[in-house]
Amino acid sequence: MQAKTFIRMSGLGGQGVVTAAHILGSAAVRSGLLSTVNPFFGAEKRLAPAESYVRISSQTIHERGEVLFPDIIMIFHPHVITLGKSYTMPFFDGLQKQGKIIINAPEPLPLNESERAQLAALNARLYYISATRLALEIAGTELSSNIAMLGALIAVTDLVSQQALEEALAERFGGTKKFVASGTTAALDDVLKSKFTKLAQLMDKNIALIEQAKSSIQEHVI
Amino acid sequence: MYVAAKVDENKCNGCKLCIWSCPDPNVIILHPNKKVSINQSRCKGCGLCVIACKREALSIDS
Amino acid sequence: MITQKIVDPDYLFFQSERSKMFITGSEAVSEAIKRANVDMAIAYPITPQSESMHLVGDLYAEGYLKDYFRGENEFSVMSAVAGAAMGGVRVFTATGGPGTMRAFEMFPTWAGARLPVVCAFFTRGVNSPLTIQPDTIEMAYMLDTGIMIFHAENAQDLYDMLLKAFVIAEQPEVHIPVGVFADGFFVTHTRDEVSTAPADLKLPAYDPYSSPVPVMDMNNVPLRQMRDPFVMKSNFISYAAHASWQQEVAAAAQRARRYIDHYLGGLVESENPGADIMIVASGTAVSQGRAAIIAAAGEGIDVGLLKIKCLRPFPTEEIKALTRHCKAIIVPEFNRIGWLAREIKAVVEDNSKVVDGPRVFGGMTMPTEMILESIRRCSA
Amino acid sequence: MAIPQYRVLPGPEGYLPPAAAGMGVILPRKKDEALVEGAIVTREEAMEKAAEKLLSAKKPYIFPGPLVLWNWKEGVAEKAQAIIALAKAANAGIIPMPDYRPKYPMINPAVEINPNHPNLTIWHNKIDVCVFVGVHCHYANVALKIIRGGTDCYTIAFCAEMGHEDAMISFREMGLAEIKQLTDLITRKKGESR
Amino acid sequence: MKSDLWQISPGFEEVMPAEYRELVDNGPFGKKLGVADMGTFKELLEEHPLCAGCGLALSLRLTLIALPNPEDTIIVGATGCSSLAFPQVSVHNIHSLFGNQNAVATGLKRALSLRFPGQVKDVVVIAGDGATCDIGLEAVVHSWFRGEKLATIMLDNEAYANTGGQESGMSRIGTVLNMAPQGKKFSKVNFPEIAKAAGCAYVAVAEPSRPKRLEQAVRRAILVAREIGPAYVQLFTPCPTNYKFKPSETLSLIKKREQEGVFQTMEYLSPEAEAYIKQIEEAKR
């Protein structure tokens, strides 16, 4: 793994980009790495553009705020691209060489000529996963799309182990401790927990989802 | 004070109406003989006590 | 609620075994307050502060605090905090941005009334159009209210500074408020590793009778006591009393220096102090500066850093000494007006070497590259 | 330019003197230390100096504040007695500061002192050495600065907490034993000079 | 309060100025005195700088005498004429700013409840009409919404008097005052009704020409605030200086208003407050 990996997660409000970032950061810390995680700074509500950022490194991380030059971009909803629901347009700007893009969409999105050229010049790799469909099928709720996205991420990177990811997941939803990114995420945590009859069920189904996501991710040749 | 209230002890019956009408503390004192006296150096001469007194025992001295 | 043991502040801060938590700045506030033996907290929501006072509310529900409520606006909250402090309890609140502005009349009043209130400020823009984004402009207005001002770089600083602020503020010869400032979102909403003391330890309680002014409880003398009367009327004697009073509040902040040195390890902290180019910064700008130093080293440019932890009292002598040798002083800031650059220019011996900026504001992140650009220009 | 160490000396220093704490005068860190004219010395040295000042004064006065004037908690009565004994030994007068309110309409400088305008009392009684004791720190500091600005009175502060930079002699953590110690010293010195 | 707080340390009796010795020997602490005893004891209020014939000063004087437990009363005031008298009041009292008095009192009352559980510590707010009805409205009404156990007393002189006679929300419609050069264009705010609606368990309007009724209103308010909930007393305190009538007419003006039917006293007690007051007053008999 390279010394520093900066990840930008873009999605729509309520999709769990902030929670995904938290779980990924926790997994990195559990793996003995250093991490900082922060959300996009907005009073964003449901379905408005939302972003969060994860920095993972083996060395001290000083930078704060938005990730302007990501190594990995994760797109949680096709509307981020197709409807331009993103405040970081043009979307791929800042992506580093050999960067990776993971998009939650049932089928490849129509990228235009200049976008394809931009990605090709960066030698970027583009992946698709139908994360929301998998979340509905396996976990029974679209609120688990973010977990499917994390499954996809560990399939194409060696940032954190699946075990660390599962532990981080259990920590986030397992205990009685409230994790607070914002007042609204705390409320959504409770909604998510209410979708599962038992915590064990939440964990089992989401672990199955991670497994399925790992095998479902597909690379799209640019 | 240039203007201060004074008491006619002969008319005073110690009813305390003047004391209750005075905006300043401990200016009108009631003595055991049921007569009031006025601390002239602290009286502001507003005349409220003069109006309050039903026996015309008080007056403003200037 | 965990049963907590009262320990000496030095033990809590320096000797107790620490453990690491992966938490946001807001959660770091809660961890600090949990160990601070706070009697009472008063809350009012404002982004990006709200989460921290939600969590303090949870501490109250668990039994760590004896009282907690939501006030009706920031001015009232800061007023209620003043009332509680005059009643002799240890009290905490937090606000930021427009909330700071709404409450502003209270801050000089806190200082003048010698209240050891600790308040966290999570900075955000205050202009129209409305913004919730990080911007440190409110700190410029706060600098001369008479309260002490600490500026946290990250969640770790926030945790440490808040806990230590109570101890510093409550020293009998200090006894003025402390504002612990942290950059909204960059600190409040950023999750980071924070090392904390065991949760079963807490600070000793506040002793209101060591206050330099009488506590308003009708249980101490003098009974004929008003806090704080207009020192009556227009004459030289009254002016002298007012002037002396103001000087005394400023003197109290000077007396805090030794405690800031002891507990925070100094008003400033430096990295690579011999370098020709120095970055002088406070808050999140310090972190961005650290990243820029690493990047500059990669290009063979030697850059040092001076982190200002305490802005009031201002580390005049420290800054003078640590910048005397260098050729350029870069002052990165998260506000348009450059209040820190002004402060630095006023104290360094040759202020022509102070570089105004770089600055971002309105919520922007300051890319490392922006500071690196300034470094390159200075080294050319 | 090197600025010499600021000294806290009898005034009148002027229209608006600075706070000594803002001029680099630092309160002593140790219990057995004190301040004399802005410099840290041992408590014993400061006691010597205070005894000398009180004994050589033409009109020494002790200004007891509310914390000792009112018998509000354990130990105060003894302290009050010790202060009265000190006054006797030093042949000093006692003028109280019963509280801190700005007085209306006027202060009677012959019988009291007020922290908002202490100079009235000092001028009126021609006090050349004074001792503050039992005054809350904030009000002591406010008053001590005003005195230094407008009078030539030599100020001595007994502080139960950390002390007062604006006094010419400042004792910290001054308790009953220390007050008695100073009284004994004064009595001894008086005997020697006879 | 501890009974020794108002005791001079042995040996210092002689040097204490007379006004303090009088307070110790003949003051009201621990004696349960009231308006009936006026003129015979040393009051909590010392000589003050308010105007001759000031209705506010008289009301403040009567209010201080009416305090049921002065030895355990802390007063919170606000900027205004009354704050000029407060330095001369012999109980702990706070002046913070203009309009924040009920917020300060909220913090203070809660702090004292924490520090002195089960003990009487009456926090009484005494402020003018501008501070209560205008600039401090939010803090006042919210302290009532929250059910803070405070007695709030408005000294209503129907103007901003300390700043030179400007119109306030409590001025009467049509009154020409500074900042209302064409006469006030809206009615006097019906604050007692607001107080009731906001949750006060006790509301009264009183005036200083009937000192015993004023005393009863203040006492009841403080007692209700101690045990039941927020209490509000509005005292009509005419201002001869800014309303430009003779200082000797302050009290007759109140009577005149009553005769004209434009001023009346009132008292409201919630059922709980009524039961509580009844219980106390019967126990006294």
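As written, the chain order gives the labels A, B, C, D and E, with residue 1 at the start of each chain.
Keep in mind that, in the parts below, contacts are C-beta pairs under 8 Å (C-beta built on N, C-alpha and C of every residue); 3 or more make two chains touch, one makes a residue touch a chain.
Everything numeric here is computed off the predicted structure, so don't read it as measured data.
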Smallest count of steps, each to a touching chain, taking chain A to chain E: 2
Label of the chain whose CA centroid is most distant from the centroid of chain B: A
Chain pair with the most C-beta contacts: C-E
Farthest chain relative to chain E (centres taken as mean CA coordinates): A
Mean-CA-position distance for chain D and chain C (Å): 35
Where chain B and chain D are represented by their mean Cα positions, the distance between them in whole Å: 45
Chain centre separation in whole Å, for chain C relative to chain B (CA means): 59
Centroid spacing, where centroids are CA-atom means, of chain B and chain E in whole angstrom: 25
Multi-partner residues of chain D (at least 2 other chains): 69-70, 72, 98, 101-102, 104
Multi-chain contact residues (two or more partners), chain C: 214, 220-221, 223-226, 229-230, 232
Sites on chain B at which at least two other chains make contact: none
Chain pairs in mutual contact under the definition given at the outset: A-C, B-E, C-D, C-E, D-E
Chain E-facing residues of chain D, complex: 64, 68-73, 76-77, 79-81, 84, 94-96, 98, 101-105, 108, 111-112
Interface residues, chain D side, partner chain C - complex: 16, 18-22, 26-27, 29, 66-67, 69-70, 72, 98-102, 104, 115-117, 119-120, 136-139, 141-143, 145-146, 149-150, 161-163, 165
Chain A - residues contacting chain C, complex: 21-22, 25-26, 29, 34-39, 41-43, 60, 62-66, 68-69, 178-183, 186
Partner chain E, residues of chain B touching it in the complex: 16, 19-26, 28-30, 36, 42, 44-48, 50-52
Sites on chain E touched by chain B in the complex: 35, 38-40, 42-48, 50-58, 61-62, 208-209, 211, 240, 246-252
